[in-house]
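Order of writing sets the labels: A, B, C and D. Residues in every chain begin at 1.
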Amino acid sequence: MSRNREAKRAAIVLVSPAMLLLFALNIFPVLYAVYISLHHWSLASPNPPRFAGLFNYQELWYDGRFSNSLGVSATFIALAVLIELALGFGLAFLFNRKLRGLETLRKLSLLPVMAMPLVVGLVWFYMLNQNFGVTNWVLSLFGIGAQPFLTDGTLAMLSVVLADVWQWTPFVMLVIFAALQSLPEYVFEAARMDGLTEREIFRRITLPLLRPAILVVLVIRAIDAFRMIELVFMMTKGGPGGSTEVLPWYIYTTGFLSLDLGYAAAMAVVMIVLVTLGAQVFVRKIADPGAA
Amino acid sequence: MTRRTSAAPRGALTGILLAGSILAGSAASAEGPLEGRSIRILGIGDPVFQVMQKIHGQMEEMGGGSIQLDVRPFDVLHQQVLLNAQNDVSNYDIIAVDLPQFGEYMPYLTDFGPMIEASGYDGSDFHEVAWTGAQFGGRQLGIPLQPHPEILAYRKDVFEEYGLEPPTTHEALLHAAQVISEKSDDMSGVCWNAARGTALGQTFITVMGDFGAAPIDMEKQGDDFEMGDIKPENMHPTIDTEAGKATADYLLAMEEVSPPGILNMAWDERVRVYANGGCAMTYIWAGRSAIFEQDDQSPAKGNTAYLPHPSGPGAPPRSTLGGWYLAIPANIDPERKELAWEAIQWLSSPEMIELYTQHGNCVSPRRSVSQLENVQAACPVIPAVDRMAEAGELAGWQRPPVPEIQKIVDVLGAEMHQMLSGDKSAEDALESSQRLLDREMRKAGYY
Amino acid sequence: MARISVEGLSKSFGAYRVFEDLDLAIPKGSYVCLLGPSGCGKSTLMRMIAGLDTEHGGHIRFDGKPVEHLTAAQRDVGMAFQNYALYPHLTVEGNLRFPMKAPLQKGRWSAAQMTERVGEVADLLQIRPLLGRAINQLSGGQQQRVSLGRALVRHPKVLLLDEPVTHLDARLRYAMRSELKRIHKVMGTTTVHVTHDQGEALAMADLLVIMRGGRIEQAAPAMEVYSDPATAFVAGFLGAVPRTVLTLPLSERDGTAGLRLGGQHVPLPPALVAAARQAGGGTVTIALPASAFAVDPDGPVEGTVAAHEMIEGAQRLVLQADGQRVNIQRSETAPVANGDRLRFRVDASEGLLFDAATGDRLRPPLRRAA
Amino acid sequence: MAHVQIRNVSKIYADGTPAVTGLDLDIAAGEFLCVLGPSGCGKSSTLRMLAGLEEVSTGQILVDGDDVVGRPARERDIAMVFENYALYPHLDVFANIAMPLVARRRPKAEIRDRVGRIAGTMGITEHLAKRPGKLSGGQRQRVSLARAMIRRPKMFLMDEPLGHLEEYMRIELRREIRALHEAAGGTTFYITHDQEEAAAVSDRIAVMSSGELQQLGTMKELIERPANRFVAEFVGEPPISIFEELRATGTEVSIGDWRLPLPPGSRKARPASAGVRPAHFRIAGSDMPGLSAEARLVQPMGESAAVLCDTPAGDATVIVPMAAVPREGDRFRLVAAPEHVHFFAASGRAIRSGED
């Protein structure tokens, strides 16, 4: 019995550094962001920070640029994640066939994931650039005129989505592929014996069994896409107009260029809240597979 | 088309500016101004510091000590300087300051006055406007390193071909641009900073200067404005004004005669498109002209003439002066102050300025250097800028040295881009810029 | 070699109590089988003896010394796992050497001694030709031997075997059982063997421990457990054709005490009558061997065939009678089908009586002691 | 109910490993056929070829005269029970059982009705709303059986359905499987490695080894007239005692110090080994003719015990009633009636009288 108590004490001793670290690295910065967001705090201003209450949050309510950036972020997440999921799914099924050569192809397909997002953004910026871009040159070979990939509102959004899709589809593919590989073969055999057609097997067996993996990849990708800033930074700076100004980029310009820390922090806090809420919904779905 | 794409890799290389790099090395000898000591510099990814990175080894040998050069992108540098100012003792001996930033940094910088006096330093070799640009409240806060104006570069050969006059006014520029856009297959009229954010924001302010107006309500002083003493009541934004409207209209007019993708074009890219023959004119920070002047492949090399910013109706030509100064943080370790001063004297010495021009930095703040033959050969822009300086065509008030300057730039950069993208009318963009900035100034407590 | 005593052992997983106040004494050098249906706690008990699970109440002693504070490694126990748990990246020899290289063994074995000991164990288990092989090149039986060798190699005080022959086919299982007993005779190591195969337990155990629901139903020499079960559960658990266990009301007819089955009176032999009298509540549980029942068209009781099968020339029948299941074996192979109604005779003379409520054995009172 | 004929079927895997070689097997309509064999003997491959889960390399599989080779599983009208249950983990028990009917687009009401009935039969009604993960092994296999039984397929395939269950559960379920087979009247192909189970459920047993059929017959035939040494050794518990060193002299053969007349069939093939089942040995006094033996290990089995003995011819096992169990170390002789001594040629084939 004393062993029990000892073990518990040992556990506390062993866990506390990790908890402290967690607090220092995770919780403290968030609390600090909340603290800053409650102040008029501009590095550019000679005035010292002063308490502002919820002023910064009220401002958000009237800030058209903020609501625009929320909408842009939502569009970006929806487009990027859905396309990545669809493509990743297809690729995973393709690679799941045991065909010669596919293994190498699958490994190669992972390269984009390893690239730095900033570099990806740069590469796509130059590929789609109207003056230097290879894309328009290729199009011209087919007699298609130059397209304003980065300077037309819709095209610019699609271009950024394209770069994100290019980089992250392999990751989605990998997760789905791993999940597919770990599905028990015998369940599919049982389904064949039960008389299901291949399409029914996909709909009734494969898809539901992949659900946890799909949800996980959705959460990871959605949160990641929400935080995406590099592609916009390299490719459009949020333009044209504000059509690719995602929330993180607005936060960045506010915090790092205009140095209005209080206001940027308020936006960041809103963003943390949105991410946390969104993740909660998903986590619950994962934890309770019954809620189909 | 194919010729243009060939420039992509080079563009890509210079594009990776964001990642800061730190260079440090050991001194090869203890002879030279550094006398075996180590100097810590916080710089910017602009040509002059890029040159320093390029010839770092050579410089350490010349300096006789080690040079720790910390090169940051603009916004990171900005933040870094402000954060460093909060420290008890500065982490840097020397920092790079952009001309419009002096207003913001004023409290954090050391006055060079006493040091200049004690060492008998002679600043008269520097251009008057460059030297005095760093004077605030009777204090000399920086030593010019790379002060240069945003000017207009144009292709002499092309203008001759189409029988066009040098574009000294907006009207002339638009006309020439239109002619060239129409007559030439591959060449557009004019390249400029229309990319969203800082690039476009600064363009708006400098173009507004072409109409003799500043973005905030400063005191007039002849054709120019009083910058040394900006009071809170001067902080009212003056965007939604006649000058603002004229500016917006001019930007919209320019958009028509610009190369494709203009809405995403900024800084280096405009110069590169010009260098490749993609446009006949470009707005350019003078120092960047090395991009084509020192490139044997460029059709613009040797065929370029320089003019101050073309002016709007009823205003004299005024090119916006900007660029980088060396300054000493106020919180420097007192024991290192002398070293910092000696290093700055060395870094801004005629020999070093000359050296920079030979490696891709076409700026000379010193008359003596400007007159050197090899300097003029490598950088034809230098004598041109010198002439503008003599003619009093350079000014810094377009970007007033107030802490909120970046906010002004940011708001304009976002709003005007909406206008250029067709999302908003000029009136709406001006109105909302005015409103947002007014709110900003109130928030900051000026009025 | 060690004597193991388990005293007042209790264990819960959350709200679920595995044991409460469990006592067991394992003599030095004995071969003990823990037998019971899954969930009876046999594996948990073994893991506690091994020191793999130390969160429990009560005491475990080796040779009288408490071992609760000792880790699995410190207890000097060798264990062979059901799934072999061999190190797939090592050869057979590497697996056998591994326990001797463990930190606690440091300095005890010189390189030469290790080689010698590996050789001895390999000879004992007849796996010397396999020493250089990789684990995945071995058959199940061979892996089993290596696993056993690894458990034995450092002369542990106690050898723990978790279902050691379960995965083998009949022939190998028989060979391995004999082998295990031979090794036990040679080594004399106190051995605890967990199994759910009652044939195996019966064949191998010096001391057979029957467990159910976290309780020890009986711990005694194997044949004693078989022939003299202490509880109704044990009575119906062991044997190729397990005893039929019926809970029946007591009845009286013509002055003889008996039980009622299917409306019929089954007389009890005099030896059991006294025992039956101790039962309260008028019902009693009786366990009867298959030989107690015989299919007879004139038999008093009728039952419905619930299952039938042919094994080794004998027909085994399960009859549903009076809501209870009766196991019958007969050598004639008259065809039957489920649902057929058959009459049978009952002879209670070899019956064993148990308390209907507690399942405890009811024995005739010893007059002298009374 | 279908008559299934396996005609010269072989299965060779892509890497060249043969799994089944030239298999001929006739399964009568309504028959319960067990395949018994060690792992890797080809029994699972055979079952999977029947199911249509694996391709047939060569040969034919006729179901009521139709060659079904090449037809997908779902067109073969076969139900299967897997060793690992193969339940759909994401569906509840009801949906699991209903799946074969759902696949055939039966009306909802009919599905509800039939699932309800089969669940009642299998005693799992109370678990219908649970997921398989919440059930014990026995319950899961009941669900799996219910799923197979919910329709009347031409054939039931069962791949070690009780392999993962505990002994008492195995006994209970094997009886139910047999009862269900009788009630459903299907043809059942059942794989197991447990011979008692095979004996208990099947009509006939096919013993396979190395991809080939060794013998087909009832358990009694396998025990009493094994076709070869493999069958003799594989079937029977405790296993048959095999003696490898025989000395034949004239019309006699010696197993250790035990002299026996040579079997009549040995004119064609000389016996290379002999075997006696433990149940067929008797213990005799040491002055009697027989194999001298010393009891080494007594393994009680309840009413009797298996006694492992050392003999001059190697190990031998004898089954002795508990009352007459010798003590370890006792010496005696082992004897068996000549008809209970099985002789095998060097090829392993059994040598029998009447085969000359």
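Structural remarks
In this section, contacts are C-beta pairs under 8 Å (C-beta built on N, C-alpha and C of every residue); 3 or more make two chains touch, one makes a residue touch a chain.
All of these numbers come straight from a predicted model, not from anything done at the bench.
Shared contact partners of subunit A and subunit C, listed by label: D.
No other two chains have as many C-beta pairs in contact as A-B. Chain A has its Cα centroid nearest to the centroid of all protein Cα atoms in the structure.
Inter-chain spacing, taken between the CA centroids of subunit B and subunit D, is 90 Å.
Separating the centre of subunit A from that of subunit D, both taken as means of CA atoms, is a distance of 56 Å. Measuring from the averaged C-alpha position of subunit C to that of subunit D gives a distance of 25 Å.
Across the assembly, subunit C contributes no residue that touches 2 or more other chains. Subunit B has no residue in contact with two or more other chains. Interface of subunit D with subunit C (complex): residues 38-39, 166-168, 174-176, 178-179, 182-183, 193-196, 199-201, 219-220, 223, 233-234, 236-239, 296-297, 299-303, 305-306, 308, 315, 317, 322. By the touch criterion given at the top, residues 184, 186-187, 189-197, 200, 204-205, 208-209, 211, 289 of subunit A touch subunit D in their complex.
Per the touch definition, subunit D reaches subunit A in the complex via residues 51-53, 72-74, 78-80, 82, 84, 86-91, 99-100, 102-104, 147, 157.
By the touch rule above, subunit A contacts subunit B in their complex via residues 40, 42-47, 64-65, 118-119, 122-123, 125-126, 129-134, 136-137, 140, 146, 148, 150-151, 153, 233, 235-243, 245, 253-254, 256-260. Listed in rising order, the residues of subunit C touching subunit D in the complex are 37-38, 140, 169-171, 174-175, 177-178, 181-182, 196-199, 202-204, 222-223, 226, 237-240, 306-313, 316, 318, 337-338.
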